[in-house]
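Each chain carries a letter (A, B, C, D and E) given by its place in the written order, and its residues are counted from 1.
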Amino acid sequence: MSRIGVFVCHCGLNIAKTVRVSELAEFARTLPDVVVAEDYKFMCSTPGQELIQNDIRKHNLDRVIVAACSPLMHERTFRKVIENAGLNQYLLSIVNVREQDSWVTEDEDVATTKAKALINGAVFRARLLQPLVSRFIDVNPDVMVVGGGIAGIQAALELADTGKKVYLVERSPTIGGHMAQFDKTFPTLDCSACILTPKMDAVLQSSNIELLTYCEVEEVKGFVGNFDIKIRQKARYVDHDKCNACLACTEKCPGRGVSEWDEGLVKRKAIYIPFPQAVPQKPVIDRENCTFFKKGKCRLCEKVCEQEAIDFEQKDTFREVKVGAVILATGYDLMDTKPLIQYGYGKLPGVHHALELERLFNSAGPTSGKVVMRDGKTEPQSIAILHCIGSRDKNNHEYCSRVCCMYSLKFAHLLKEKTHGDVYQLYIDMRAPGKGYEEFYNRLVEEDVKFIRGKAARVTDKTDNPDHAGKLIVEVEDTLTSQFVTIPVDMVVLSPAMKPRQDAKDMARLFNLSTDKYGFFMERHPKLAPLSTMTDGVFIAGACQSPKDIPDSVSQGTGAAAEALTIVVKDKMELEAATAIVNSAACCGCQNCVRVCPYGAPMFNYEKNVSEINEALCKGCGLCAASCPASAIITRHFTNDQVMAEMEGLMEF
Amino acid sequence: MLKKIALEKLGDLVSALMEKGPLYAPVKGEKAVDFQEITNPADVILDFYNTAMSPKFAFFPQSEDLIRYRLGKEATESEAVSLDAKPSVILGVRPCDAKSFEIMDRHFLGAGIIDPYWNDKREKTTIIGYAFDPSTAADPADFYNTLGISASDTAGSDIFMIRTDKHLLFKGITEKGDRLLKELSVLEAGSKTDEKTFEDKAKKGGEVKTRFMEIQDKAVAGKLVQVFNNKEFWEKATAACISCGACTFVCPTCYCFDISDETLFRDGVRKRFWDACMFTDFTLEASGHNPRPRIFQRYRQKVCHKYSYHVDKYGCISCVGCGRCTRSCPVNIDIYSIIESASKL
Amino acid sequence: MQNPYIPMPVEVTKIVTEVETNDIKTFRLNFVNKEDEENFKYLPGQFAELSILGKGESPIGIASSPTQPGYIEFTVQRAGTLVTGIVTTALHDLDVGARIGVRGPLGNSWPIEFLEGKNVVVVGGGFAFTTLRSLIHYMLHKDNRPRFGDISVVYGARTPGLLCYKEELAAWEKRKDIKMHVTVDKGDANWKGREGFVPTVCKEVGPSPENAVTVICGPPIMIRFTLPVFFELGFAKENILTSLEMRMKCGVGKCGRCNVGHKYVCKDGPVFSFAELDKLPRDF
Amino acid sequence: MTAMKKIEENLRKEAKRLLEGGEVSVVLAYGRGYDENHPMPFAARTVEDVDSLVFNEYCTFNLARYLPKYPPKTKIAVAVKAADSRAVVQLIQEEKVRREDLVILGIPVTGMKDQKTGEVIDNKTTCNMANPVLYDILLGDEIHGFKGGSPYDVLAELEGMDHDARMAFWKKEFEKCIRCFACRKACPMCYCDPCFMDASRPRWADKSPTPDGHLMYHLTRFYHLAGRCIDCGECSRACPVDIPLYLFHKKLAKECEDMFQQAAGMKIEDKPAMVNYGNQDSDEMLK
Amino acid sequence: MDFEPKILGIACNWCTYTGADLAGTTRLKYPQNVRTVRVMCSSRINPSFIIRAFQLGADGVLVGGCHPGDCHYGTGNLYARRKLAVTKKILEFAGMEPKRFRVEWISASEGKKYAEVVEEFTNDVKALGPQTKFKIRKD
């Protein structure tokens, strides 16, 4: 019979406080086939691990059960532990007595009873566990980074530095992302462009980075170590190989489009580079606004191009890229504040959103760095910055967008510097938890910025007060004084929520990721694996996971690069062994497995009239097994008899 | 010894028998009549042709516990199920079925090893045979005449029962039967006239005709050995067979069983229970090899077993012509027709 | 009356892993009750049902010889690969000290009386050597050896690592009263013995049919190719014996599944001569 | 001449033609049994066999059941009534037979009778359709204007019961089960061999005939037939102890039609419902 | 003593099991009647598991998976939904109270929902009393 060891972890008091751990071990000792059962303060600690390993050797154990935290937390740890003691790692069963027991009740009896049932289930299952041998596959050493914002750039550069080939995929014509739009960065107030553009240039210069701008991920096949990704190169209508970046075309072009970089505050040409420091420094044609595409004639750009790089016939092209790992750094969208009609954005010209203001500050911006009203000349004498627009708001985005407090302070400082006007900060709470942030806040308090604690209720241009005529009236309840106040200002700046990219769900689907309830990509574990995802080999960095500031995004970019490296640094990698296999003696040839498998792993062998599973493609979900009427499919580690036995154990007591 | 009871007093007899121990008798179900352990004397009916299931279950239940066990920490505790059948009576067994017990005895009690489970119940049970009604035509599926059994054959019965217009007549056939008859005070002694009636009726039973062919045990056994390798014949004869186990489960002389341990949580039972040679996995070996993977092979095994192997081993055909297999076959395969055409080959 | 369905308790006292693939083990069992041991009178070639309550029973040939009193031995191969046999897997999981059950001895045996005074050629392949081992031990016992003529053995396995009873084979090699021909299909670096398939070796050895009987156990394919060799050598079918395998349950000729014609392999067999098998329908 | 006689005549005529012309190597139809009321499924392979073909109101067998056992590319003519033709369609959907290997002899008929009881089975134990949904040759005249209620009318009583009463009903029925497996063996859609019930790991249900095992066996089998059962009623007719399995199958067929907007065996191009999902699927179905 | 139902939970690894963990990490309190089997995907659930659970004496069975469209394996739970829907119909027609079987889509971020569902389901099952219809009785 099996020789099972049961190890009950106290997890300090986390488990021991509500579960009577010694009673649990005692109970385990009464179960058939359990040879040894012990409890210990921290099973995951070195002495705890040694305890398990010693018992394996001493009692010649062939199955190990650890009653501790969730398997999602430490299954891998304990697998290693038993493997190092000479047991196959799959002969382990984890009983979750913390997350799903001790932490969710205060009643000791209830918690202990449940823990006993869970352990009994594990014992029933453990008897049937089979050693599994992992398969090894070759790993493609290249990495793809999707998103050319600061997080993606950072990740790409770090990887390139280690000598790895990186494909950096960016959907817009340039890399740089939102950071390229900023003027200064908080709290140090160094110039955004000054720190970003060298990095962008480094990307361009790196021989290890293949920059794929104006490209999108179309299809993802394969699996960790061997992704097969189809990239759509959107038609630029400019042959970048020929183009020498003289930009003569952009001067002559009569077409006009909205400048994305300038947040629509000004127009740009139809053939354009997004901004002067764009990388690559090569233009694309915006088909919608191109006179030729609209009216059928013009072709001025073609005429001025000495390189004959203009190609109106260009079509979208596709290429397949094979990589071993992927980093997603697809960033965020700023919330559209128009629907929040109480703030009047889009209706009241004096209302701006944060990124617009960034552009006004920027010397390369539409106003050459002058802060003026939309008329282009009037300098605002009073400005209100409204925090938490759409953030921390049950009706919009429940979460805090994390960066608005700080950039609003930055705005206040810059406004003070540039306009000498009155600056009001309307905030709910001032959140300044980063390095140097609190100090920055204190500095602003001293800069005569008016802080009003309260969330703006409304912005209006209607007033009975003749003094306020022509002003924007911000209505707010000052929660410190509990007084309703109205503030007449010239300009209102909204700090809108950062939200997931509009197409984040599609991206998630492409890469088989989960998204959280807001639509941000879900990390494998919020603490221990914040950059990993549920899909092996796909990592996330930056604001695509949740709102982040630049330092955090950069750290994550670096971190994700390190994570990706752990995969591509190896020639071969171990695949999960818990895949499905067909017991051909029982297969009835119904082909249900072939019909349902999302990965195309089962194939029908018409000669033998049975299905066969390609284990390299199998992800071990078990859908085929549940669809097999003859129960001919064995989903290793979750076989029918293992699941049924566990159920039996769970229901015995 | 001849005894009798008025038809309307059947209930009294049933009650008296129930006092002796468990009584199995025909009961009308929703559609079919079957033997059941009687709890209410009024349930017993005697107006029936034959039961859907054979009465073999009384000695060879569909499922029978051999050992009960409890998986323990140190050792498995186990206990053999004790053989303590209560003395019981089966009332209303048709002559062909009564005959089947004799055939089954040769197997379960023969060849040097006595099956204790069969023996225990068999010893303690008294069988009251019941003549077919000579005024009713035999079912077209029946062919007990072929096996030398008449509608009022007393072989295999301890007591034989014949129904007249007003009475049930009981004749003791064996010592065991006589003993029981004596003990049943509800019965009246039969008169000379009754004896005469019994004899007449019994004789009349001989006139009930089922399907019939001349058949000699040894000859048919030899014939089937000859035909064994005629694959074409067997394939054609069994082409419709769907290899379910209906024929074997209703058969009074099929005795194949399986043994299996069944555990829930940690308590379990080792059981034996009916199995059927028609099932694919009947002979499937752990290695995956199956000596009889095809339907015709399994059907051939069934026919040859009854009409050939059993003759070689135990000296008689293991079939009583009760017609149940034919009647219950979902596709109307008729063993009689197969034997008939095999004989003509 | 002994209930033939109720196993006798035995204790596992020794476990030997026979082959490098770990799927064949020999279990030594000691009777818990003295009277059971006395009642368990067997001859080589017989088998018994090994019983593990909760798992079931499995019919296994007795690998020890009655000349080895005090215990009985069974060599068990774990059945199946993807879906492993429940009983044999459970047996393989046993530790020394475990208690299981035994029902038997069951079936007929190698016909000892028939073999007496004759030369015996023992031919075995792979795991099916178990009851032949019993027979060899039996014949080699000093009390029995004079009753038999020459004893020669051809035993083969696919690789050296798959040979069972390696120590005994070595010991027999050293004896003068038995001629051993151990062969493997394919040797390895350490293999100094013979290479070749069993039928070929039988041909090479070329035993005389004169007053000789051959007993053959092995995989069907081996038997298929070895039989013609013995026919060619002039062995009559009556003098070629084998042990049949069929799915069995009761082991006492009642459950009805192991018949070949009118013979129940579990009761009337498992040992048959090819002359007897010829008379039975080809249904195995 | 009665409609049935005419069908029999056409059946023989077409069978003869197909076998003679070598278009098919076997004609699956009905042959004589041990008496008139007990015909048998019959596979005619030669012209001489054709004389043995019969058709009458007791030819209830669903011959689609025999199709999967033939090796691929065997040319087969198969006689099908309405429900039987649905079985053929379902088998084609499931790629157990190929349309191009079949010559489907359609039998438009009503008034078929149960061999045991002599009762007309139309909408009671079968799907109450008169005309085959797919055929190459029609052996009788298409039937128009046949009504006789919904095939699901028979469910009313059980559906009207409360849960306890329904449990009691099925418990009583399942207890009769003798595990002869005639139901699964007669079923044209139960082509698994071995069946899940034969598996040793795990043993889904007790191998011995326990009521608990019966429950597991039948419920799981109902599940396996959900969305695939074409309501021919063979399981129930095959049952030697008369368990009305058809009631459960009908109920699930009805529910599946409601939930998945697809009835089993109606269109060759459908994908089997239980190995599929639809855009219109909603969580309502879990309520 | 109050009747404390035994409920079998079957949760998919990626969403519901993780969601249940989240309920723990955030220290939500809810009834402890559910004993969970972790499977990789709700589509792994063979309807026979559910029948078996009731036979083993479960008073209720709670199945949890990712929200449709969010399956870690893409489409697994869409198949699962059909399977489980039919299972529910089978249980109901066999006479099992439908309230004893519940399927919920609970994402990894919905620890709160997990706790709420468990609480509600436990109460529902409690109100129905012990399940005896499928439970195997050994006597």
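We adopt the following convention: a contact is a pair of C-beta atoms (placed from the backbone, for glycine too) under 8 Å apart; a residue touches a chain by one contact, two chains touch by 3 or more.
As the structure is a prediction and not an experimental result, all values here were calculated from the model.
Colleague: Please give the intersection of the contact partners of chain A with those of chain D.
Modeller: A chain counts here if it touches both chain A and chain D, which gives B, C, E.
Colleague: Taking each chain's centre as the mean of its C-alpha atoms, give the chain farthest from chain C.
Modeller: The most distant chain relative to chain C turns out to be A.
Colleague: Please tell me whether A-E or A-B has the greater number of C-beta pairs in contact.
Modeller: By number of C-beta pairs in contact, A-E is the larger.
Colleague: Would you identify the chain whose C-alpha centroid lies closest to the centroid of all protein C-alpha atoms displayed?
Modeller: E
Colleague: Between chain A and chain C, what's the gap in Å when you average each chain's C-alpha atoms?
Modeller: 65
Colleague: Could you grab the centroid distance between chain B and chain D? Build each centroid from C-alpha atoms only and quote it in angstrom.
Modeller: Spacing between the chain centres: roughly 32 Å.
Colleague: Any idea how many Å lie between the Cα centroids of chain B and chain C?
Modeller: 39
Colleague: Per the centroid of Cα atoms for each chain, what is the distance between chain B and chain E, given in Å?
Modeller: 48
Colleague: Hey, what residues on chain B touch two or more of the other chains?
Modeller: Each of 71, 258, 260, 264, 288 in chain B touches at least two other chains.
Colleague: Going through chain A residue by residue, note those that touch at least 2 other chains and give them in order.
Modeller: Residues 585-586, 596, 627, 631, 640, 644, 648.
Colleague: For chain C, which residues are shared contacts with two or more other chains?
Modeller: Chain C, residues with two or more chain partners: 83.
Colleague: Under the definition above, what is the set of chain C residues touching chain D in their complex?
Modeller: Checking each residue of chain C against chain D gives 83-84, 86.
Colleague: In the complex formed with chain D, which residues of chain A make contact?
Modeller: Touching chain D from chain A are residues 585-586, 588-592, 595-596, 606, 627, 629-631, 639-641, 644-645.
Colleague: In their shared complex, at which residues does chain D touch chain A?
Modeller: 72, 94-96, 191-196, 199, 201-202, 204, 224, 271-272, 274-276
Colleague: Which residues of chain C touch chain A in the complex?
Modeller: 82-83, 90, 93-95, 98
Colleague: Would you tell me which residues of chain D are touching chain E in their complex?
Modeller: That would be residues 158, 163-171, 196, 204, 212, 215-216, 219-220, 222-223, 226-227, 248, 251-252, 255-256, 259-260, 273-277, 281, 283, 285-286 of chain D.
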